[in-house]
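Working notes, structure below.
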């Protein structure tokens, strides 16, 4: 093996204990090894936890890596944690979709697309930390502009925003629906 | 007519007027680029009839769309002068189609997010008790790099700033009640039985006063104490005292 | 092997996600297998994570089992989780200075002096345990009044507040300003 067992175990301990996904760069700084070596170790760890005897694995999420339970064992975990499975309303999902694709975007731009007021939904989404104010737009009233957060990526299990279906693909899909 | 199944799907089930329109388009299997506006408008309006007027704030958005549809319908009914036919005239529906398509894309994107949400609900990340770690690792001095002198200097700077206070402007907020404005309007009307809407406002009336006066007027109209009429579309609005109040 | 890989993985997923140690009985109920089978699985998992390539292991704690990072990797974990040494911002320092010299003082009194909102800064200073709520002022809204903490004295190496530079002079001066 290229890497000492210890360094690999150190990386694993960090991934195990970190409450947030750790990026290659984070790990590289913490363990003081080259990023490409971190990448190699991550691949090895991912390979290891793919084995059927493991109940969790290392997933890529929101620009980093984090251990998560395998979907398959959800019924057991649910029994243990009894999580509140509250899902987002359709209105919230539509609003999030618009922000995700059009960010940075103002409230009135979102309202123009949805055709309804979104002020309350925006407050809820900010509270849930799925979106955040990213600044103010130049111009009359200097309206707040919104963008999605890292928690947005985590909530939807996305590695990065580019994992959203491309905008033109959505168009193709809707165009097909017309036929 | 749609009346039979009008209440099967309630207006509240739609995310907004565009959502309702898309539903009607899908239901009627209509080509979105060639919407039979008269038919869709009729169907849309029959949904609107079910609006609970207690929630006008929410319903107003549906009403705005109803007005838009009626406007498009009207424009399409207007006879076109024959000489323009060669030059393709703008389709009055075009803007609506663009809006509908854009909205539809985001509805698709919302479905994608919903799918991802469902997947993630089956995946669990460890939640760590950060407070526990803070206890374990000795707290650090949050002002390690600062001395009392830094603190002293910071305070002195503030005191100096305070000695040359920036000019401040007191903006007093008018306290205006609807009752007060209603009384004002009634006073004006007892002096002159008819006044124009503009007469209600003294010059330089504040925004707040204009709004409250307007609300007061609405209230008086509701109480049937005053009436109003307008001769033509942007003409003067005449307000008059109703006879029973004389 | 006696146990299907899946059952073992299910047990592992529970041990991974549980915030508290899980007892043999807990697991037995959750996965619906015999306690002695749980014991066997736990032994196997413990054996697996003893390997040097793993950064964490399954330890027995408070009548149950829980995954924990190996002691050896404590320095890395500490580096990751220990709150970063953060210098106070200039705004925070100014606010702290006002509180130190003018205490007990309310938020709006501080804002009147600094000319800007200080609610977030106050939260930060409370979190850092430099200031604390010392009571409420009589009067409309009964606003919270703030003062510096014992830790504040400790961090700045002071025995008492009067040791602040020119404390008495400045106190007199600000008292005059009030008139």
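In this document, chain identifiers A, B and C correspond to the written order of the chains, with residue numbering beginning at 1 in each.
We take it that contacts are C-beta pairs under 8 Å (C-beta built on N, C-alpha and C of every residue); 3 or more make two chains touch, one makes a residue touch a chain.
Only a predicted model underlies this, so the values are computations on that prediction, with no experimental measurement involved.
K.L.:
So which chain is the furthest away from chain B, centre to centre on CA atoms?
P.N.:
Relative to chain B, the chain with the farthest C-alpha centre is C.
K.L.:
Taking every chain's C-alpha mean, which one sits closest to the mean of all protein C-alpha atoms?
P.N.:
That would be chain A.
K.L.:
Quick one: report the Å distance separating chain B from chain C, using the average Cα coordinate of each chain.
P.N.:
42
K.L.:
Using mean CA coordinates as chain centres, what's the gap between chain A and chain B in Å?
P.N.:
For chain A versus chain B, the centre distance works out to 32 Å.
K.L.:
Express in whole angstrom the distance between the two chain centres, defined as the mean CA positions of chain A and chain C.
P.N.:
About 25 Å separates the centre of chain A from that of chain C.
K.L.:
Do you know which chain A residues sit against two or more other chains?
P.N.:
16-17, 67, 69-70, 77, 81, in rising order.
K.L.:
Send over the residues of chain B in touch with two or more other chains.
P.N.:
124, 126-127, 130 - these are the residues of chain B that touch more than one other chain.
K.L.:
Once bound in the complex, which stretches of chain A touch chain C?
P.N.:
5-6, 8-18, 22, 30-31, 48, 52-56, 67, 69-70, 72-73, 76-77, 79-81
K.L.:
How about chain B: which of its residues touch chain C in the complex?
P.N.:
124, 126-127, 129-130, 133-134, 137, 139-152, 154-159, 162, 166
K.L.:
Flag every residue of chain B that touches chain A in the complex, lowest number first.
P.N.:
Counting only chain B, the residues touching chain A are 15-19, 31-33, 58, 61, 65, 99, 101-114, 116-128, 130.
K.L.:
Which of the residues in chain A end up touching chain B in this complex?
P.N.:
Touching chain B: residues 16-17, 19, 59, 66-71, 74, 77, 81, 83, 85, 87-88, 90-91, 93-94, 96-98, 100-101, 113-117, 154-158, 164-165, 167, 170-171, 173-174, 178 of chain A.
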